[in-house]
Amino acid sequence: MSRVPEAFEDGPAFIPYLAVGDPDYESSLEYVEALERGGADLIELGLPFSEPIAEGPTIQSAVVRSLEGGMTPTRFFEFVEELDVDVPLVCMTYYNLIYQYGDEPGPRPFVEKAAEVGIDGFVVPDLPAEEAGPLREACDEFDRDLVFIVAPTTRGERLERIMDQVSGYVYVQARLGVTGAQEDVSDQTGQSLDRLAQWDVPKAVGFGIKTGEHAANIVAGGADGIIVGSALVDIVAEGHENGDSAAEVADRLETKARELKDGALRGVEQRVPHPERQ
Amino acid sequence: MSRVPEAFEDGPAFIPYLAVGDPDYESSLEYVEALERGGADLIELGLPFSEPIAEGPTIQSAVVRSLEGGMTPTRFFEFVEELDVDVPLVCMTYYNLIYQYGDEPGPRPFVEKAAEVGIDGFVVPDLPAEEAGPLREACDEFDRDLVFIVAPTTRGERLERIMDQVSGYVYVQARLGVTGAQEDVSDQTGQSLDRLAQWDVPKAVGFGIKTGEHAANIVAGGADGIIVGSALVDIVAEGHENGDSAAEVADRLETKARELKDGALRGVEQRVPHPERQ
Amino acid sequence: GKFGDYGGQYVPEALMPAIEELEDAYERYVLENEDGFMDEFRRRLRDFGGRPTPLQRADRLSERYDREVYLKREDLVHGGAHKLNNALGQVLLAKYMGKERIVAETGAGQHGTATAMAAAHLDIPCEIYMGKRDINRQRPNVFRMRINGAEVNPVTVGRGTLKEAISETMRDWATTVETTHYVIGSVVGPHPFPSMVRDFQSVISKEARKQSREQFGGLPDSVLACAGGGSNTMGAFANFVDDEGVDLYAVEAGGSSLDVDEEKGVAPNSASLSTGGDGILHGARTKLLQDRDGQIMESHSVSSGLDYAGVGPELAYLVDERRVIPVNVDDDAALEAFHRLSQEEGIIPALETAHAFAYLHEEYENLGETVVVNVSGRGDKDLESVIEETSKRNIPNAPDMSMFQGGL
Amino acid sequence: GKFGDYGGQYVPEALMPAIEELEDAYERYVLENEDGFMDEFRRRLRDFGGRPTPLQRADRLSERYDREVYLKREDLVHGGAHKLNNALGQVLLAKYMGKERIVAETGAGQHGTATAMAAAHLDIPCEIYMGKRDINRQRPNVFRMRINGAEVNPVTVGRGTLKEAISETMRDWATTVETTHYVIGSVVGPHPFPSMVRDFQSVISKEARKQSREQFGGLPDSVLACAGGGSNTMGAFANFVDDEGVDLYAVEAGGSSLDVDEEKGVAPNSASLSTGGDGILHGARTKLLQDRDGQIMESHSVSSGLDYAGVGPELAYLVDERRVIPVNVDDDAALEAFHRLSQEEGIIPALETAHAFAYLHEEYENLGETVVVNVSGRGDKDLESVIEETSKRNIPNAPDMSMFQGGL
């Protein structure tokens, strides 16, 4: 049974992302745990793929560090098993790794193993709804959630096709582009939330959220959760470059997480009733 | 009146060549005079042209030295006037210099001036009989000789066309190729002399004659004269490179000239009656 | 959008609307010639591109191999390779679609130069992503792009080769998708690219088929084309696929060895059709070089134009269907073939192309009476690599390399 | 053998029999198509050379200059320039004549590469003479010749450029005349070369004239071609000479200045038609750059392919007859035109060719409604020179040159 819905039960969900194994397995364990301490309601764990076509430079670099540190799907599952956190976990990776895992072709072995180690759901940036059939089936079989990304450009039939398959939450891409920290939180976010209003699944907004202020704005605008990746990966990268201890970096992550979580909570209070979104 | 016939009056003619102004005007004067002392019967004076397409590397280099020393047609004529030798002089140069000289287009001004300073005839390596009309006319007007080169490949009608226009002597090219010292004296020489036997003009053989031995062989083979260029230019070049005095180089030229002249004279004694050449 | 199980559209959601828009444009303009698109495309291919290219009998190769060898001369296309067929088609399509900007990736630089030329010709701004390592291997091509007015963006991530450049271009496209068209350089990527690029390139086999009938009164027994991503391959094969008597050989880069080093994630070859497994890369399901986890391997080839871990999904399908025969030759054989064609036919081929000739050399006895080899590009761009790679090997027919010291 | 007073056969006697043999072969094979020579030549030009080349409307130049500008695309000929038209013709003729060896001179390297390709194609040994300085300026072309199996002989005499290479090749020929054919690279040299090379190159204007009628239903008002030795010029003009309504512009290299330095024997240009005088050089009477004594001047141009002190005698004649209009543009204008054509039409022209476009840019108003410009060659070979020469000047439309630092 996926625990994803729990994340959205008590107000806005703060959903941090880290690439597992960045910069190494042990530090990464500490970092993920620090995120929970900082208030994470759900954690997206990145399983690095060699061709991360949807990522910006920050997360690309994290992927390179992790792969160079020997991260593999098998190690990833060991990591999840070893991880001492209580919040729901979503695995974010590219479809080829899911497809290749195990003895039979297709996504079933990966999902089975993931379910076994405690992964609650999946986000697969290079798997649009059209190609998602087999993975959706495996998720159903093992009672996992399949999160889809909705872009500012996603409209009409495409949106319906995605919303037919999504479960857990919908990942609302705040603006066009790839993952990465950026100052502005786009107007496109509000429009996307408007389009999604008719569906009853939680809407978590990601791409470009760096500060508590951003988080508050996004939640005030109607989001059910915020997803933050690059701003956290930046902290890992900086610590790695400066040779800081894992504990120091973990502290910083926890602080940043708390800022973001607090921002999200503040956002709820700033919400104004929206005429078009009932 | 051209003095060229005098060169062939007393047995085989020794005809040396030097590029005028190589390596400088003053030395060049000494060198030419040394050739006369060494026994020259006629001297070919090279007026350097910037594109000496018929010359090998030895004479090309002489041309470069002379041009860099400032040699021009005007200086050439001054040189001839200043020269203190009594033998006939033939100017060897390319047609463009002849063509451009003076105020009117065509070869007449050059020939007029050359006649005035004491040049008796001309050899123009890039002027075949077909193009020689205007120069032939000018030579007739000023009573100068026009020497033509006959190559081993010159036969039939071409040969007749040349022999119709030649005067002074015919320059028999001993072998194919460009000017330059080479060990063998070709069989082609004998065949060329055979072809030329019916004409009553002196036959001087050039290309590749380096030693008295060569000279003797050529004359023994029926030549009326020998033309030597590269072997002498080599002496000038070597002296120039070694920084030897002009007097030293002049002595060497005189010695070499004497060797060649003596060889030519020896050749007369070695002549055997030739059945085909009566 | 599928070739059996291969193909598909495995791309970020943000790109899907653009891909659907492209799919629509492909169907209307390319398949249905709306607004006379295909007429204009064919006219520009002729006048700007220099088509048709000859099908030339190779006299000395024919004698050497004792059969009729014909060359499809794509090296004579403007820019020096078949690449313009596709680049011109896509840039023109972008204009018809009202796009304002072109992006493209390039490996060996041939697709980048072709795209830069097409974009200059059609007056649309153009940016080319190119791996830093490839930039260093193919400087003349970089300069050509710049001189044609294109921006060249170095990609420093990873190994700095084609696959990183593709990923980077996808990222650009994901950000700028509303105004920008991404000109993919081969029959790879999400649908409709593999079909569309094949259609633009199929002019090669359309001409070759007609020329075969005119010049030797029939069809060839075999068609050989080198295969990296596979655009010249599909272009050379497309119109022969239904001719069962014509054997189609996709000649891949065997590199230095067909073995792989799983530990290092390195395949010292680019033979994804011959040795690769089913997987998803750059938007499509296809055959690719990957480790057991599904991580993409570093591929290798003496020819940077073939140096790619994937291959067009349609080729993967045609190989599974046994319609296309996947073969490969190693780096040494390709270099030897490069020198052979240069010396014996007076045609300096691209190193990519040389692979097809190396296979001809090795297996001519099994190729039938009449063989068509696709000369996918010329080799001017490869001079530096050829000098370097030849110098470190013992290539029996290489010219004396001493005068090449010091490079270009 | 004469064009008015120009032309003739001013060569060493040793060469005359070979020249007469060639004259005879020219008359029989070329003029009378004996043994089907011209048929085979045309077939090989088509299949190996890639003819016909397009006559392409240049959309953006047409718009810019508000008249119809058409490009005759000789840059698409195999090897990248019109040079192959002549080289293939002469090498084939050498085969028909039973010669066993080819020699040729080359300046920019285009004729050398074309000859090396033709010789490889027709299986005959080939040696190319090239000035040492030109070798350094055109290294890629040297490598191409070597890779095609030709020997390249550096000429170190004098300044080490084209005129020294021509002299040196004549010397080789004088030694080996019985077995060897000298493939002269332009419409220069002794008769029959100027006529024969013109005939081989006249395919350019033969096609262009026919294409003009087909594509715009008439003849152009002007034809522009750059002129060094003048082979692309005569090729582009030959079939229009009798069309009185067609103005023919021979665009020479104005270099840095039209003035000459008599003292140093240097002309900082290569504008022999525009500024030269009557004289004899390399076997023919023609217009040339000489000092008052008749010594040949050092010519100069940013384009080594135009850097020659003489010009074809037929062009000299046609200029005197006022049938051909001699004009010139300077180095800067040529570089600017190079970048303009690259950026606006997606065609990187040879620097030689760029001169014709520079003249178009300067004088388009006087060229009539329809202008044909002969794109004599492509500019890949010139990248290094263009980068270097552009960097030291202020060329307004040049791309940012900083990324070109370090050269190729």
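Should a chain be cited, it is by its letter among A, B, C and D, assigned in written order, with residues numbered from 1 in that chain.
Note that in this section contacts are C-beta pairs under 8 Å (C-beta built on N, C-alpha and C of every residue); 3 or more make two chains touch, one makes a residue touch a chain.
If you want to know which protein each chain is, UniProt gives these names: A, B = Tryptophan synthase alpha chain.
In this text, all values refer to a predicted model and were calculated from it rather than measured experimentally.
Colleague: How many hops, at fewest, get you from subunit A to subunit C via touching chains?
Modeller: Minimal hop count between subunit A and subunit C: 1.
Colleague: Quick one: which chain's Cα centre is the longest way from subunit D's?
Modeller: Between subunit D and every other chain, the largest centroid distance is to A.
Colleague: Just the number, please: Cα centre separation of subunit A and subunit D in whole Å.
Modeller: Centre separation, subunit A to subunit D: 65 Å.
Colleague: On a C-alpha centroid basis, what's the spacing between subunit B and subunit D, in Å?
Modeller: From the centre of subunit B to the centre of subunit D is 37 Å.
Colleague: Counting in whole Å, what is the centre-to-centre distance of subunit A and subunit B, each centre being its mean C-alpha position?
Modeller: Those two chain centres are 96 Å apart.
Colleague: Where does subunit D touch two or more other chains at once, residue-wise?
Modeller: Not one residue of subunit D touches more than one other chain, so the list is empty.
Colleague: Spell out, as numbers or ranges, the residues of subunit B touching 2 or more other chains.
Modeller: Within subunit B, no residue touches at least two other chains.
Colleague: What chain pairs are in touch here?
Modeller: Those chain pairs satisfying the definition are A-C, B-D, C-D.
Colleague: For subunit A, which residues count as touching subunit C in their complex?
Modeller: Per the touch definition, subunit A meets subunit C at residues 49-57, 60-61, 64, 67, 72-74, 94-97, 99-101, 105, 125-128, 130-131, 148-155, 158, 162, 173, 176-178.
Colleague: Enumerate the contact residues on subunit D facing subunit C in the complex.
Modeller: 46-48, 50, 53-57, 60, 73, 75-76, 78, 80, 116-123, 139-140, 142-144, 146-149, 152, 339, 342-348, 379-380, 383-384, 386-387, 399, 403-404, 408
Colleague: Quick one: in the complex, what on subunit C touches subunit A?
Modeller: 8-14, 16-18, 20, 157-158, 163, 166-167, 170-171, 174-178, 265, 278-283, 290, 292-296
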